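One chain, chain A, links the two complexes that follow: it is found with chain B in the first and with chain C in the second.
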Partner chain A sequence: MNYLIPLMVVVPILAALIVNIFGGNDKTVKAISLVVAIAIPLIAIFAAVGVQYFGGHDPALIASLLPSNLVGTLAASYNTGIVYIFENIERIFIFLMGIVAFLAVLTYFAEKKKVSGPYLYLIFMGLASVTALMLSNDIFNMYVFFEITALTQVGIIVASSTEDNYEIAMKYMILGAIGGPMLLLGIGFILGTIGSVNINDIIYAISNNFVNPYSPSLVIGFALILFGWLYSAGLPPFHTIKSAVYSKARPNGSAILQGFSVLCMFAFGIAMYKIFAYIPYFNTAIILFAILAMVLSITMSAMEVDFRRMIAFLAVGELGFIALGFGIGTQYSIAAALFQATNEIVITALLFIGFGTVYYLTKTSDTRKLGGLIAVDSTMTIMVLLGGFALAGVPPFNGFQSKLMLVQAALDAGYTELAVLAIIVSVVIFFTFVKAFHTVYLQPKPKDLKFAHEKIPKATVFSVAILLIICLVLGIFPNIVTDIFITFAGGLI
Partner chain B sequence: MDFQMASLFASGAFIIIGLFAAVFIDNLIKKIIGIAFIEEGANLFLICLGYKAGGVVPIFMLGMSADWFAANSAYPLPQALVLTSIVIGASTLAVMLALAMVLYRKHGTLSVSEMMGDEK
Partner chain C sequence: MALYQKFLDSIKGLKSNLSKDPTTMDNVSGALAAEFLIFISLILAALFLRHVSVIASVVVVILVAVLFFTNMPLASKIKSEQSDSLEKMTFYVIVTLGILVAVIYWGLKYV
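Moving on, here comes the complex of A and B:
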């Protein structure tokens, strides 16, 4: 048994509880948080690939204890407990999310004199939830952790104490309280048809024709789960609320929230692909929402004067690229989507934290009131610019490699128009970012611009530098991850 | 109409009524009640799936044979799932009500359109 697999979930949950208890003691909370935040990516690195059967419910053991009238039936092959599967692909995502969480916590400590136990509780609880979501091979268990993630996301917005954060939190809750039960209903339809919520069991039952793959209940189940997936990822029609959520959190919180969304999108996207890829129009539906996400979010970002909202829309638009890769549905396109998801976690974290320093310095995110910030910290300015290049897909950064893969995959699959669209959207992203960057950093400083802080904390500069290095390394040596993604996508197809 | 079918119709009614309230009613508390309806409708739907006419409670007792139990007990998985789902629903509801209290203190109204009207 590989104890490190459940530890990836247990450690952040324990950390969450402990930091909440010691909320009043800054030194203890900081020490525990940093140790745990370093430990999580390390556990992901050292854990061996494997399967964890909770409650000792190994199917081979259970099969030997079955009543005679169940032997040979479909139910006899079912997993009776929750199963976690840890492969190299989960290792990459959990490692990167752990790194982003560590850097976000570090930035939070540097920018906030008095740390909040509940805020850190929410970060660690959310981290535990998305990790469990990634590992779980059980769609109901995924739903449970998705709901916990959604609650922690709301908590992070509320704890951020920004203007109108309660209104946005409530809107997100209301939409989530509709999206969540729809997901549950979808799971119910699958359970009612197949009798299991384990993904492998469902695939086994469908692929061996124990159930009619085109039964209305399975198709309705797919539609409802697709609705839940759109909500979890923030794809249209949920793109405006998702971008509002990112813009209302603290910059380090936004970095984490976006990471959570990408992991939710990945986990449910893979589960949907495994179960429902045979359904006619599955790919068309995903492509449709991908195009909507790309076009709507990028258009809205181009019109924004609030830079936090602009980055939030750009982040949601980038999710469209991930969905596009899933929708095209070839081995190479899925690998490209996974690579894009990896890059999205890192690049948007860089931009939220890096551009967030402008808000830290001036307490405003309105680009019309900003200017001349290159004079405050030129290093940070350059790093933010390079982060924007990575987002837009400029070489030699990771965003370029994943978008190139995506365009090549679209062309190989005969979707020339999608390849052209992806390139056009990337160009718009580039110009939108450069326009905002020019306004905030390069144009003359307005006379009435006042500073809340004079300097950017070193820890924040360090965090952004680490994220930029990851972007560069993944851009120059994409094979570190793409080989794993291509192998995984091959297995999926 | 048997008991299972009646319960399925009831769960459908719960969900439709809840969706109507959550989408069309302006009062925040009524919206939240609507959302609770949706959640309970989904739970009732799940519970119905495990129903077995004439079945026994899925608890293995002394004196039962394994074969008889497997043939006659209700399916326990939906019940276990609903138990978890109820806890999640209660947590979601608690957070929404807490937010509703804060928003009422801030805006002095429970009208969602008035609350969100001045939100940028």
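Moving on, here comes the complex of A and C:
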């Protein structure tokens, strides 16, 4: 029994409750938050790969106690409780999400004198939820934790005290009231057809022809779960609200929110791939939504004048690259998608926190009112520039490696047009970023530009530097993660 | 040349559709990049359909080219459709749900 696996969920939940109770005592809250935030990635590193059966229902143990008339039946193979599976791929994602959460919390403490217990509660509860979502092998359990994640996302926007944040939070909840129930309904169809919500049980029942793979209830279940996946990831038609959500949170909150979206996309994407990859045109459907996400989001970001919204659209556009890798559906492309997901968590967090310093200094994100900010902190300026290079896929950063893998995978699979599209979209991302960077940092400072703060906190510079180092390390030594991704993708196919 | 002039005129009109602010290099270049990206991606997406059906792909490529040149500029139209308006967002969410369920549920019967 590997107790560190459930602890990855239990520790942040406990931390969320404790920081909320001690909300008025800043020192205690800060100490607890920092200790827990650094503990989560450490637990992910030290936990051994394994399976956690909740409720003591190890299937092997139960099978030995079954009556003889049940042995060999479908019911005998079913898992009767929730199962968490922890492999090296989960280790990578939980570790990186933990690092991003730690740096975001550190930045929050540096930029805000009086900390908010409820805000930290939401961050830790969201972190616990996405971790559980990653670990769970049960689609209903995944749905429950996804809904908690969605609620914490709404809470983080509401607690961010930015302009129009309440309105966007309300709109996200209303659209979530369509996306969430459809996902649940899809899961309900699967449960009604197969009698289990455990992913392994569902695959076993379908692949051994215990149910008709094309039964109307399974097919409609797939359609609804695909729709729920679009909602959870923020792919079209949910890309507009998702980008609005990112842009209305505090920059450190946005860094965490985009990480949550990537992990939700990964968890449901893998589950969907495992269960429904046999359906004709499954890959085509995913590719079409990937193209839509890339083109619509990057188009919007190119025309945007609010730099927070621009980064938000770029973040959603990058999700399209992940979906593209999943859609191509080869071992190499899925590995590339996973690498792209890893990189997006880090790079977008870097840009949200790094560009967020502009908002911290000036309290505006309108590029038409900004300029000359290189004079305030040239180190931060250079780090943001390098972060933008990583996003656009410029060597030697991680974004280059993952996008190169995607393009190679598309060419190998015979999708030349998708490879060309990926390159063109990357060029427009580069153009969009450089345009915003030039406007904010390099063009002459407007005379009427006023500063709310004179300097960028050292903790924020430290956070961006750490994220940049991760980008560089993953760019120079991609094998640290790609070997694991390629092995995982091979098993998936 | 007529086609080129039409394209150029549409780009000039693009900025005024986007906002009433003074035109700058930044927003014109952004709008141009967006317009080109839409056109190229539409053509490439239509070409991608060759993996489903070559005939469908040829028909869609021709349709896309004609529709693009008769409806320029698309960037401003796409921008206005992707506003933060709850009505528009809900509309596209419901339409997508309807299309997905209809295509997957009924479409698979003919595969």
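We adopt the following convention: the second predicted complex is superposed on the first by the 490 of 493 C-alpha atoms of A that agree within 3 Å, B and C clash if a C-alpha of one lies under 4 Å from a C-alpha of the other, contacts with A are read in each partner's own complex, and residues count from 1 in each chain.
We adopt the following convention: a contact is a pair of C-beta atoms (placed from the backbone, for glycine too) under 8 Å apart; a residue touches a chain by one contact, two chains touch by 3 or more.
Just so it is clear, the structure is predicted and the values come from calculations on it, not from any experiment.
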Quick one: chain B and chain C on chain A, clash or fit? fit
Is A:L230 in contact with chain B, with chain C, with both, or with neither (first, second, both, neither)? second
Identify the partner contact of A:Q408: answer first if only chain B is touched, second if only chain C is, both if each is, neither if none is. neither
Classify the contacts of A:L418 with the two partner chains as first (chain B alone), second (chain C alone), both, or neither. second
Which holds for A:V154: it touches chain B only (first), chain C only (second), both, or neither? first
Does chain C touch more residues of chain A than chain B does, or is it the other way round? C
First (chain B), second (chain C), both or neither touched by A:N2: neither
Quick check on the superposed pair: does A:G195 touch chain B, chain C, both, or neither? Answer first, second, both or neither. first
Which partner chains sit in contact with A:V295 here, chain B, chain C, both or neither? Use first/second/both/neither. second
Once the structures are superposed on A, label A:S217 by its partner contacts, choosing first (chain B), second (chain C), both or neither. neither
Let me test your reading of the model: by the given contact rule, A:T364 touches which partner, first (chain B), second (chain C), both or neither? neither
Across all Cα pairs of chain B and chain C, what is the smallest distance in the superposition, given in whole Å? 6
Common interface residues of chain A - those touching chain B in one complex and chain C in the other: 168, 171, 174, 178
Can you check the complex and tell me which residues of chain B touch chain A? 15, 19, 22, 28, 31, 35, 38-39, 41-42, 45-46, 49, 65-67, 69-71, 75, 77-78, 81, 84-85, 88, 91-92, 95-96, 99-100, 102-103, 106, 115-116, 119-120
Contact footprint of chain A on chain C as seen in their complex: 18, 21, 26-27, 29-31, 33-34, 37-38, 40-41, 44-45, 47-48, 51-52, 75, 78-79, 82-84, 86, 89-90, 92-97, 100-101, 104-105, 107-108, 111
Which of the residues in chain A end up touching chain B in this complex? 67-70, 140, 144, 147-148, 151, 154-155, 158, 163-164, 166-171, 173-174, 176-178, 180-181, 184-185, 188, 191-192, 195-197
Spell out the part of chain A that touches chain C in their complex, as residue ranges. 168, 171, 174-175, 178-179, 182, 214, 216, 219-220, 222-224, 226-227, 230, 236-241, 244, 279-281, 284-285, 287-288, 291, 294-296, 298-300, 302-305, 367-368, 414-415, 417-418, 420-421, 424-425, 428, 431-432, 435, 439
